[in-house]
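Below: a set of structures, written as structure tokens.
Shared chain: chain A. Partners: chain B in the first complex, chain C in the second.
Then we have the complex of A and B:
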């Protein structure tokens, strides 16, 4: 249990470090939200200076960071200039949408990758193996941007909903009607994300299984007359689980980055879209907050993977 | 299968692609900003050998596009004048690789005619020419940024692994931080507070610098591992006891071991950074109009009409996939050759 506590502490420190890094990078660069007001001749330099001091932008970096950290602990995360409100209430629903999308995509990708990878490793050189290799090679070369555009075209041709999260007509409908509509809208972006993740998962699952199947104890188990299927699922799969679980943590980080793009293409109202808008508006805190949320999801993913490893692997528990 | 497994063929293919985009001015019949407002979103020009009265001509010729009356974006060929294609035709002046001035283009027609190999975009600009000019930005940005990332990572990793103690500790903690932020978020966060509109050359260099710098952590960690295991090998200790300098040991004994790690990282980074430039420009945060990059060309596809009915506007996407496939082929061949040795 002590190791999990240490991991949690480590994750927390990492989060704090990442926040310092992001605020540093963002502040090192010239220009801020009020800079663009200078174009307007009706706003005097003094007004701009007053506004900056009102929002604390003229303070030195440590003070700015301290203010932000305090407000972040309260769940506000600073002030959004463009929305003229605390950043927190704007961020939460967006973060939930991103989580919904990323969660569905993860589920979809693993549901395909796990059985397919095991099958490809079990029957090397078979059509399943060839199909897996082909899929990996093909999807690896197609960036999500291109895949997204092609899926968008497909959606437009078939009349499948592929923009936003809910149809305007259904916004006021009952819960079930609404959920069904959201799921229909979720389908295309989730497929796009999952397809981007699939080659990585598939190739690693297959490699891990192949390595496990080469171990001597598999031969021994077969020698005892245990059926191949049982050996595959009860002996080889648990042995191959370690790298696969670590991969799960890693995949969350990749998913965060690609969902940024997929959300923009399909108009999914998540963090990615918010962040792009915040960048266009030069909305300092909103940019930092969305970066921090993305980072938080990544770190949380790795932490969950660590806990799963702890639960699944007695060797780690013994340490 | 032997030629498929040798890295020579994909290398030649890559050199060809990079060569063509470097000499974009020669291969492109037009420059990237010439607009033809009355032939916006025209489909690719058809190249004919046979006239309407079935007379065969050895020299290929093209017709101009004419807007079908009463429509917005439907074109038909104007059969009244045929424009023969000219090869090595003189046209608008340009510079080869931004250095040597020239005005010879590989092909073209008389100035009144137009040859659009891949149609035109919504301003009536030649997509084929823009594709070549855009490749200059997209392809070189990826290559240079990956180069920066891998060399920075190599330097940091070697430094950390070889000198150890608090240097190692500091560098590795910093690397952990950089790895904790999803890379696209990091890239966007840094890009966010640089001026939105800059001159294209500035943006290009900036993007390369940012993307290259934020990617140092992963190669650094892996290289450090290799260096750590190499540092205390017997032959390194022997060299040390003979009085070899740190630099000598690093160069002859330790860096060669990091080669395959650096190679693997380059394999991951080059496609990732080519894509990153395309994505940033697609978002309007990269290289801006009128200078083309594959990303801001794909931006047109966000309009429903273009997405649905202008297949030639997908050309940058198609070329991107092809280039990424060739890169993958090259690295696969290269790594199998390395393993065989």
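Then we have the complex of A and C:
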């Protein structure tokens, strides 16, 4: 429990560090949201200066950070200049959509990678192993953009929804109808995102299982006469779990960043488009909030992985 | 009439690939027989093929040629369920028990795991039998909930022997099982092994490069060199009149002092 508490404190410090770094980097870049107004000759320098002063952009960095931190603790996350409202209410619905997409894609990728990797390692040289190798090579070779476009084409030909999150006709429908529609819309982007992650997971799961199966204690376990399935699932899989669990933590963090492109291709109303626009506009607090959400994803993934490691490995518990 | 050997290797050949074309011969027409209630020691230098022979005889590796027989019954080509049924009869205790014991299992679970195949469904009953086996090996109950890496080398080796023992084997192959332990501990475990042999009518194939220890335990010694059995004699005869160069070399390398 103590180590989990320490880990939580460590995560909190990381979040603070990431927020300091992100505000520092955005402010170090030349210009700000109001800078682009200078190209409009009808807006005077005095007006721009007044606007900067009104929104607090003329304040020193520590003061700016302090305002943002106070606002973030209230759940508002600062102010969006482009949307002229608190950043929190703009971000949260989109973050939920990204979370839904990334969560489903992670689940899908792991549901395929875990059994397929175990099977490929257990039956080396078999059709399952060859299929796994082929899939890894193929998915690694296809850029995510191309894969997304192929899936879009597939969606158009099969009648699957190819963009957005919900059909206009279903926007006012009941909960179940709406959920069914969202799931149909979710399918293609989730497959695309999972396909990007799959080669990494599959190759790591297979390698970890192969390594575990080569351990002398596996040969010794087979010597008892217990079934291969039990040797595989009770002895080899737990032995291979540590790198797999660490990879799980990493995969959760990775999905956040890789979902940006997929969201753009499939018009998924997630954080991706908002974040890209905020960076282009220099919408300071929105950029920091989006970065913090990404960092939060990564930290949460690793935190969950650490807890899973603690639960799964008696040696870590003993330490 | 001689009794039928309990465990027998007949003309075993085993080669491993080295590079693309070459193969290195590890077992070259090896034949050994272990009779009920006896201890056969297999000695030889490192790399002479002893451990490969041990794995083949424990049915953990298939020889390229030749046959393994248990009580006259060929078991080399068994697979699946038939092989799993035969496996408990011959148990192997490895030299590096730290590697051969699953580091994630608690000691009691390591010993209880093989009991599943004996159809003992009740967990408490398996635990009971595991604790009984531990006590036979002089392991205190306090270590039951530890993992192998929390034990000393001697304790680990006893856990490995206890795990082999719960399967009620007829033969235990001890592959350098006492090597790496200090001398008093070797003597202690050797004494336990002799007690167990008497209590459970066990036979041992005792593999070692330590001729002194082999001679003190075994009825007969076989000497292995470059993948071949070059000599096999009762202990007294081998010590008095070694026939092969390999046996003489091993004898000459022993520090001065009487061998009993």
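Just so it is clear, the second predicted complex is superposed on the first by the 318 of 319 C-alpha atoms of A that agree within 3 Å, B and C clash if a C-alpha of one lies under 4 Å from a C-alpha of the other, contacts with A are read in each partner's own complex, and residues count from 1 in each chain.
Rule of thumb we're sticking to: contacts are C-beta pairs under 8 Å (C-beta built on N, C-alpha and C of every residue); 3 or more make two chains touch, one makes a residue touch a chain.
Given the structure is predicted, the values throughout are model-derived calculations rather than measurements.
Student: Between chain B and chain C, whom does A:298 touch in the aligned arrangement: first, second, both, or neither?
Tutor: first
Student: Name the contact category of A:114: first (chain B only), second (chain C only), both, or neither.
Tutor: neither
Student: After superposition on the shared chain, which partner residues are touched by A:99: those of chain B (first), chain C (second), both, or neither?
Tutor: So A:99 meets neither chain B nor chain C here.
Student: Applying the touch criterion given at the start, work out whether A:86 contacts chain B, chain C, both or neither, answering first, second, both or neither.
Tutor: Neither partner.
Student: Between chain B (first) and chain C (second), which does A:238 come into contact with in this model arrangement: first, second, both, or neither?
Tutor: second
Student: Go through the superposed model and pick first if A:282 touches only chain B, second if only chain C, both, or neither.
Tutor: In the superposition, A:282 contacts chain B only.
Student: With both complexes superposed on chain A, which partner does A:313 reach: first (chain B), second (chain C), both or neither?
Tutor: second
Student: Considering only touches as defined above, state whether A:256 meets chain B (first), chain C (second), both or neither.
Tutor: first
Student: Is A:225 contacted by the first partner chain B, the second partner chain C, both or neither?
Tutor: Second partner only.
Student: Look at the residues of chain A and decide whether chain B or chain C touches more of them.
Tutor: For chain A, the partner with the higher number of touched residues is B.
Student: Contact residues on chain A for chain B in the complex?
Tutor: Per the stated touch rule, the residues are 14-15, 17-18, 21-22, 25-27, 29-32, 137, 140-143, 145-146, 149-150, 152-153, 156-157, 253-254, 256-258, 260-261, 264, 275-276, 278-280, 282, 284, 287-288, 290-291, 294-295, 298-299.
Student: Okay, in this complex, where on chain C does chain A touch?
Tutor: 55, 58-60, 83-88, 91-92, 94, 96, 99-104, 106, 113-114, 116-117, 147, 149-150, 167
Student: Over in the complex, which chain B residues touch chain A? Could you list them?
Tutor: 173, 176-178, 180-186, 188-196, 271, 275, 278-279, 282-285, 295, 298, 301, 304, 307-308, 314, 317, 320-321, 324-325, 328
Student: Show which residues of chain A lie in contact with chain C when the two form their complex.
Tutor: Going through chain A, the ones touching chain C are 215-217, 219-227, 230, 235, 238-239, 313-315, 318.
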